[in-house]
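Two complexes follow with subunit A in common, the first pairing it with subunit B and the second with subunit C.
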Partner chain A sequence: MISPDSRLQHHPDVAWRLVQEDALLVDPHTGRIFPLNPVAARIWTLMDPSRQVSEIVEILVNEFDAPHENVREDAYEFIEKLLSANLVVPAPGRVGKGSSQQ
Partner chain B sequence: MTRMNGTGVGGPAQRRVDEICLRADALQIPLQAIVELTYRCNLDCVHCYCRHLTNTQGRQELTTEEWRRVLDQLAPLGVLNLTLSGGEIFVSRDFWEIVHHAKSLHFSLTLFTNGTMIGEKQADLLAELRPTSIEMSVLGPTEESHDSLTKTRDSWRRLMRAAELLNERNLPFVFKTTLMKENILQQYEIERMARLCGCQAYKNGTEISPCNDGNREPQRHQIGQRALFDYFIDERSGKPVLPEEQPTRELSLRKGTCGAGVNGCAVNPYGDFLPCIQLMMPFGNVRERSLRDMWQDPPEQIAQIRRTKAYGQIVACAQCDMIDYCRRCHGLAHLETGAWDSCYDEARKTAAVIRAVVNFKRERILPVFEG
Partner chain C sequence: MSSAQGSKAVKLLSFQIAGIPFSVLSDSPQHDGWLSAAYRQFHTSEKPGLNLAIRTRPRRSFDSLAPERIRWNGSRWTLESKLFRITEAPESRGYRAETASSTGIGDLMRTWFSYVLLSQGGVLLHATAVVRSGKALVFAGPSGSGKTTLARLAGRQPVLSDESVVITRSPHTRRGKAVFYAHGTPFFGELMDAAVNKSAPIGEVFLIRPPNSGSNDDSFRLTAVSPSRSMAELLSQTFLRVLSRNSLEILLSFLGEFTEGVRIRRLEFAPTPQIWKFIDDQSG
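What follows is the complex of A and B.
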C-alpha cells in the first residue's frame, strides 16, 4: 500500500523513453513492454525519490485542472499497478509509513 | 482528467504499443538503434560481413569518450531499443564502461555476441547489468561443425560454457543461427541442441550479406533456391511468415518499405551515422556533426528514402512481376548495385522461391530451379 508520504523511484533496470507525451517502458526481467498514456507518463516522469506521492498528486491537479479526489484515486491506482509490476520501488532511506518496503 | 488506464499493467497493451510505435514512425523518432562498437573479433566466421573491415583506410574506431557522447545524443533522439554489436563486443576494451553508460540513459539493451568471451566474471557483470536480451550465434550442433564455420578452435566449448553461466544466473539468452550451405541440413539438430542448452528463444535465418565494402565472398556460403524452398516449405519451426496466397497488385504496391532512417538508425565503429546497419549511406560522421543535426537535415538521398513509404513508389518495384513476393532491403540493393532503389539479384531469387512456395501450397506443383 502506498500513502501520501510514500516516496518511490523507478526500478533501476527498467528502460523507458517518452514518445511525445506518451511513454514506453521495457522490463528486462520479463521482456514486457508497457505503454503509458500522457497522464501516466507524466506520473512516471514525476516519480523521484525526493518527491512524495502527495506532491505528485498536487502537481497533477494543477496541470490537468481536475478534481483533487479523482486525480488522487487515479494516481494511486496507477502507482499501485507500477509497484505490483515491480516497475517502481520504494526509495531507499526515506520511506513513507505506508510503503511496502521492509 | 484522462484516466490512467491502458497502462499495460495487466491490460491489453499491445495495441497501444503499436499505436505509439506508429506515431513514432510518423514523427521520425528512431526507437531502434544499433551501434557496432568494433569490427574486431576473436573469431573468423566464414559468412561474416565485417571480415576484412578492421582499420580500413587507417580509420580510427571511436574512443570510449566519443561513444559516451554518441549515446548521450541517441537518447534524446528517442532511441529506446539499443543493440550493441560488433565484431565482437567483448573485444572492445571499454565495453563495460560504454554499456553501463547506456544503462544509465535508460536504453533497453540487446547484446549481440559470439559468447566465447563470457566467463564467470563477465556473467556476473551481465547479471548485474541485466540487459533485455543477449543473443549468441551458434552455427552447428557439435563442436566440429560449429568450430569449422567460426574457423576457431574451442569456440563451441566456450559458447556452451557461456550458456551454462548465463543459465546459472537466470539470465535469458537467445541462440540464433545463420543457415548456410554447410549447416542447412543440420538446422533441426542445431535447434534441438540450442533448446537443450536452455535458450529462451531460438531463431534462424538464411540471408547472408556481402561485406560492407561490397565484397561478396560471404555469399558463397548462401544456400541455393532449392534449399531455400525446402527451408520455407518445412513448417516445423518458426520460419518467416509467407503469404498464403498471391496478394492483389494494389496491396503489393502499397506494401510498406523498411524503416531505415525513419524509425531506426545505426553508428559504426568509425562514427558513421547510418540509416541502418546494412545501408552504407551515411547521414554523416559523429566526429563532424551532432546526431540531431544529421537526423533532422539528412542528405537528399536519405530524405528520398524517407519519402519512399511503399514499394509502389520505387520505379523498379512498381514495374516488377515479383513485387507480390519480394522482401527487398535498400541496404543490400545498395551494396549489390550501388543504388538503394534498384532491383538486385538476391531479392529476385528469394522472391522467386517465395512465389514457388505459395504456388506449391495452392497447387502442389514442385518448382524447378536453375543451378
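What follows is the complex of A and C.
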C-alpha cells in the first residue's frame, strides 16, 4: 500500500523513453513492455525520491482538467500497479509510513 | 552433420546488407551452399568490416531447455540460444558462432545481424516493405499478420523483403526532421525472390493485422495508433530476443525517434489487390 507521504523511485533496471507525450517502459528482466498514455507518462516522470505521492497528485490536479478525487484515485491505482509490477520501488531512507516494503 | 576438419575446404563469403559489408566463414558446405543461393543479391566485393566464423557442433553441446540469454565475459558478450551461440570477438572485429545444425543457418544469421545492426545504429524489423513512388511503405506485424500476402499483392512494385526490413536513420535531416530509410534484406520469409538489395526513404509505416472476424471480408481500415502503442508494437517486432540494459536504451532511443519522425497507423486489410488503391486514397 502507498500513502500520501510515500516516496518512490524508478526501478534502476527499467529502461524507458518519452515519445511525444506518451512513454514506454521496458522491464529487461521479464521483457514486458508497458506503453503509458500522457497522464500515466506524467506520473512516471514526476516519480522522484524527493517528491511525495501527495505532491504528485497536486501537480496532476493543476495540470489536468478533472475532479481532484478522480485524479487522486486514478493516480493511486496506477502507482500501485507500478509497484506491483516492480517498475518503481520505495525510495531508500525516506520511505513514508505504509509504503510498500517488498 | 559436419565438423571442422583441417583438410576440408572452406570458402570465405562476402555480403553487404544495408551498407554493412561483412564476411562469413563456415565449416559447413551446406552453409556455404545455402548462403550463396539465398544471399545472392547481397554478394559484395567491398572490403568487409566485420567477420563471422561459424562452426557446427554436436547438438549435445547445447542445452535445449535453457532460456536465451546474454552472458558477459569482461567486455565481450555471448548470446546463447537453444541451437546456437554467438560470441563477440572485438580484437578481430569479428564474431564466432557455434551452431547445432548445419541447416538452421538462416535464423543464426538474422539474429547475429540484428545485434550487429543495432550497434551500428539500425534496427531489423519483422516487416515487409513495398516501394511506391520512390517511397518505402513498411508493413510491420507478427507471423500471420499478412506480410507475405502484401508482398505477393505488390505486383510490379519493388518489394524489399517479405519478412525482415532494415531501418536506418539518415545522417541528413529534411526540414529539421530525421529521415529514415528501409533496406531490403536476405532474411526472407517465403519469397526468396523478394529479398532485394535496394533501399528507399520511408513514406509511412503500417502496423498490420487481418480484418476483425466480424467485419466484411473486403474491408480495409486505417486507424490512428498512440505513440507509445506504436513504439511498443515496433519493439516487439524486432529480432532482438534478449538485450543488455545498454542495448535496450539504444533501441528505445532509435525507436522513439522513429516513432516521432514517421507516420505510423494501424492497417486492417483484406487480401485483395484493392489494398493499394485504398492506401493511395488514404495517404497524402
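The working rule: the second predicted complex is superposed on the first by the 101 of 102 C-alpha atoms of A that agree within 3 Å, B and C clash if a C-alpha of one lies under 4 Å from a C-alpha of the other, contacts with A are read in each partner's own complex, and residues count from 1 in each chain.
Keep this in mind: contacts are C-beta pairs under 8 Å (C-beta built on N, C-alpha and C of every residue); 3 or more make two chains touch, one makes a residue touch a chain.
Note that the coordinates shown come from a computational prediction; the quantities given were computed from them, not determined experimentally.
Model built by superposing both complexes on subunit A: subunit B and subunit C clash.
In the superposed pair of complexes, A:66 makes contact with subunit B only, with no contact to subunit C. When the two complexes are overlaid on their common chain A, residue A:15 makes contact with subunit B and with subunit C alike. By the touch criterion defined above, A:35 reaches both subunit B and subunit C.
Looking at the shared chain after the overlay, A:46 reaches neither subunit B nor subunit C.
Counting residues of subunit A touched by each partner, subunit B versus subunit C, the larger count belongs to B. Of the two partner chains placed by superposition, only subunit B is touched by A:75; subunit C is not. Shared contact residues of subunit A, touching subunit B in one structure and subunit C in the other: 13, 15-20, 22, 24, 26, 28, 31, 33-37. By the touch criterion given at the top, residues 13-20, 22, 24-26, 28-29, 31-40, 43, 60, 64-67, 70-71, 74-75, 77-78, 81-82, 84-85, 87 of subunit A touch subunit B in their complex.
Of all residues in subunit C, those touching subunit A in their complex are 226-232, 235-236, 242-245, 248-249, 252-253, 255-256, 259-260. Those residues of subunit B whose C-beta lies close enough to touch subunit A in the complex are 1-10, 13, 16-17, 19-20, 23-24, 27, 29, 31, 75, 78-81, 106-109, 130-133, 172.
Against subunit C, the residues of subunit A that register as touching in their complex are 13, 15-24, 26, 28, 31, 33-37, 41.
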